[in-house]
Amino acid sequence: MKLGILIKEGPYMHQAMDTAYNFILAAMESGHEITGIFFYNDGVYNRCATLEPPRDERNIMKLLTELELKGVRLIVCVAAGKRRGIVNQTVCKVEEISGLGQLLELCITSDRTITF
Amino acid sequence: MLHIVKKSPYESSAFSDAINYMEQNDIMLLTEDGIYAAKKGGKFEGALKSLMQKNAVFCLIADVKARGIQESEIIENVKVIDYKGFVEKVVEHNPMTWS
Amino acid sequence: MSEQEKTKVMFVCRTAPYGTIYEQEAIEAMVMFGAYEQDISVTFTGDGVFSLKKGQDTSLLGKKNFSMTYPILIDDFEISHIYVEKESLEERGLTEDDLATEVEIIDRNSLKQKMGEMKALLPF
Amino acid sequence: MLHIVKKSPYESSAFSDAINYMEQNDIMLLTEDGIYAAKKGGKFEGALKSLMQKNAVFCLIADVKARGIQESEIIENVKVIDYKGFVEKVVEHNPMTWS
Amino acid sequence: MSEQEKTKVMFVCRTAPYGTIYEQEAIEAMVMFGAYEQDISVTFTGDGVFSLKKGQDTSLLGKKNFSMTYPILIDDFEISHIYVEKESLEERGLTEDDLATEVEIIDRNSLKQKMGEMKALLPF
Amino acid sequence: MKLGILIKEGPYMHQAMDTAYNFILAAMESGHEITGIFFYNDGVYNRCATLEPPRDERNIMKLLTELELKGVRLIVCVAAGKRRGIVNQTVCKVEEISGLGQLLELCITSDRTITF
């Protein structure tokens, strides 16, 4: 099944990104396709390139980059990002920044869209 | 539909709002701080049991364990599932998240 | 595009305006979604109904008053429906006269049914 | 003490938690989404009136106006103040924020 | 420094652990504050009491289990008092046996009085 | 009176910073002294240098910098900042970054400490 993911909360502050990450790993292991992860609201902070959590803590930014290397598409909302300072200079990868139309595209092309 | 509740019922209306929106055949998944609704002896035991007369309720084992709740402390008939089970529920039902 | 081919997406707005940004960024998404010729509807339930309260004046806050967008969502931005849940209005002591724009006031049971018809539900 | 409530009483326990902690001579300030507790005809009118038998309650005019609530829609005896009034209350009482 | 000169600060922990970071960053602050020889106390009320539940195991979450810090807050980090509100425990079906560390269980009225004695209250 | 300010929420997401800003202006007009603003939890995001809100919206980062020019001390928690990517490269002014001891210092030196 094709699954689209919407992330509305920032890293560490809320558990949302952690739950989503574990959900995505399990979905991929079960053979489902992740059509993309769209970061909106404070969710855009998850793609800030300069995160430096303590060494004994998970690095959410890096975990997401690993998902990307496995072929998962990451999309940071340009408008929500600009408002919060997640822009070309601060985001992990400039290509990830895109418009809200991509969220609707996820809804259209995915069998399920799930919000975290 | 799958109603996902991720806030504590003690501090947020998410749990009671979700209950209000449950139709026949809908199911509920308690995750993150939502799992406190599934704890025996808490204030929401009655509400959850009443919901379970018509609808199935699940809770996520990772969140249960993190919060120090033993499986024996979970209200009977609430089914404990892992992230793969969570994925299966999303495959079976269209999800709506209450936070 | 025929009606059958359109994707049905519903915004489920549950938060009050101004205390958090959810409602404002939900509107920004609604406005963008309208351009894609899909079947987009918007539901206000719980504290979300406060977003429609008429007479909002944010000048003392220094924040933008975004309630002006609701009355033009359907005509200018191609949103199919704006629903408001009757029970949530009542619980908050609000009536149709309190609302800033014309909307479809429907009861919870009818709303549940509509939610069941959606391909995607986006909570805000 | 000054108890500052900034969440809606409909979605958060902040308002009822604050009430539980109010002592004689303590006052409450409703700000941000907390001001919905001061609206006439809402679910929390009874709780607020009962609180006001012993404690004074204030609400912030900027938040009231932003949310489209007219002063005539505010429960009687809730005093409407501006940011300078807010500062005065903090000067008079040690603040605790409930969010 | 004499007891009279010390500043009395109380952390008021009202949120459950793991769902948000508040409790974890509250602990990080407590640990730092302990080093400054002031009079620091910590209160758990509302959902905050869940932070003290024993048997926490976060291995399946991938998050750090910070509940191990509570038992050493007083001895190792010079926190003066850890209070837990009796009424909040009861409402959540918890008893003293459920707690991960020894704390002072006190009722709401006594807690109100202690809060009134503080110079600063830091809600988390 | 001396007033210390603790900000626990990020810009735009919550109204906290807006309320605090209006409160601080009113306090200064009334002749009170702001001993400092300490940014903790998601509050550190308020000092991200790259915020670009829409033109018809307030720029919270700039409003805070104006307060700083009026003599208000701004302090971004180093630990909360690192975890979230608000570090030397991304913060408005490197000198603002400091430790949690500064928050306790605010509690000690202020007549009132208020949390937003």
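The letters A, B, C, D, E and F name the chains in turn, as written, and every chain counts its residues from 1.
By definition in this document, contacts are C-beta pairs under 8 Å (C-beta built on N, C-alpha and C of every residue); 3 or more make two chains touch, one makes a residue touch a chain.
All of these numbers come straight from a predicted model, not from anything done at the bench.
In this assembly, the chain whose C-alpha centre lies farthest from subunit D is A. More contacting C-beta pairs link the chains of B-C than the other of the two pairs B-C and C-F. Ranking every chain by how far its Cα centroid lies from the centroid of subunit E, the top place goes to C.
Separation between the centroids of subunit B and subunit F, computed from CA atoms only, is 38 Å. Distance between chain centres (mean CA atoms), subunit D to subunit E: 27 Å.
Centre-to-centre separation of subunit A and subunit E, using mean CA positions: 33 Å. Looking at subunit F, residues 12-13, 15, 22, 41, 57, 79, 112-113, 115 sit in touch with two or more other chains. In subunit E, 14, 18-21, 46, 60-61, 63, 119-121, 123 are the positions where the chain touches two or more neighbouring chains simultaneously. Along subunit D, residues 6, 10-11, 13, 32-33, 62, 82, 94-95, 97, 99 each make contact with two or more other chains. Chains touching one another, given as pairs, are A-B, A-C, A-E, A-F, B-C, B-D, B-E, C-D, C-F, D-E, D-F, E-F.
Interface of subunit C with subunit F (complex): residues 18-21, 60-64. Within the complex, the subunit E residues that touch subunit F are 7, 9, 21-22, 25, 28-29, 32-33, 35-36, 38, 119-123. Within the complex formed with subunit C, the subunit F residues making contact are 12-15, 18, 21-22, 56-58. Taken in their complex, subunit B has these residues touching subunit E: 6-8, 10-11, 32-33, 36, 39-43, 45, 61-63, 65-70, 82. Chain contact summary for the complex, subunit A toward subunit B: residues 1, 3, 15-16, 19, 22-23, 25-27, 29-30, 32, 112-116.
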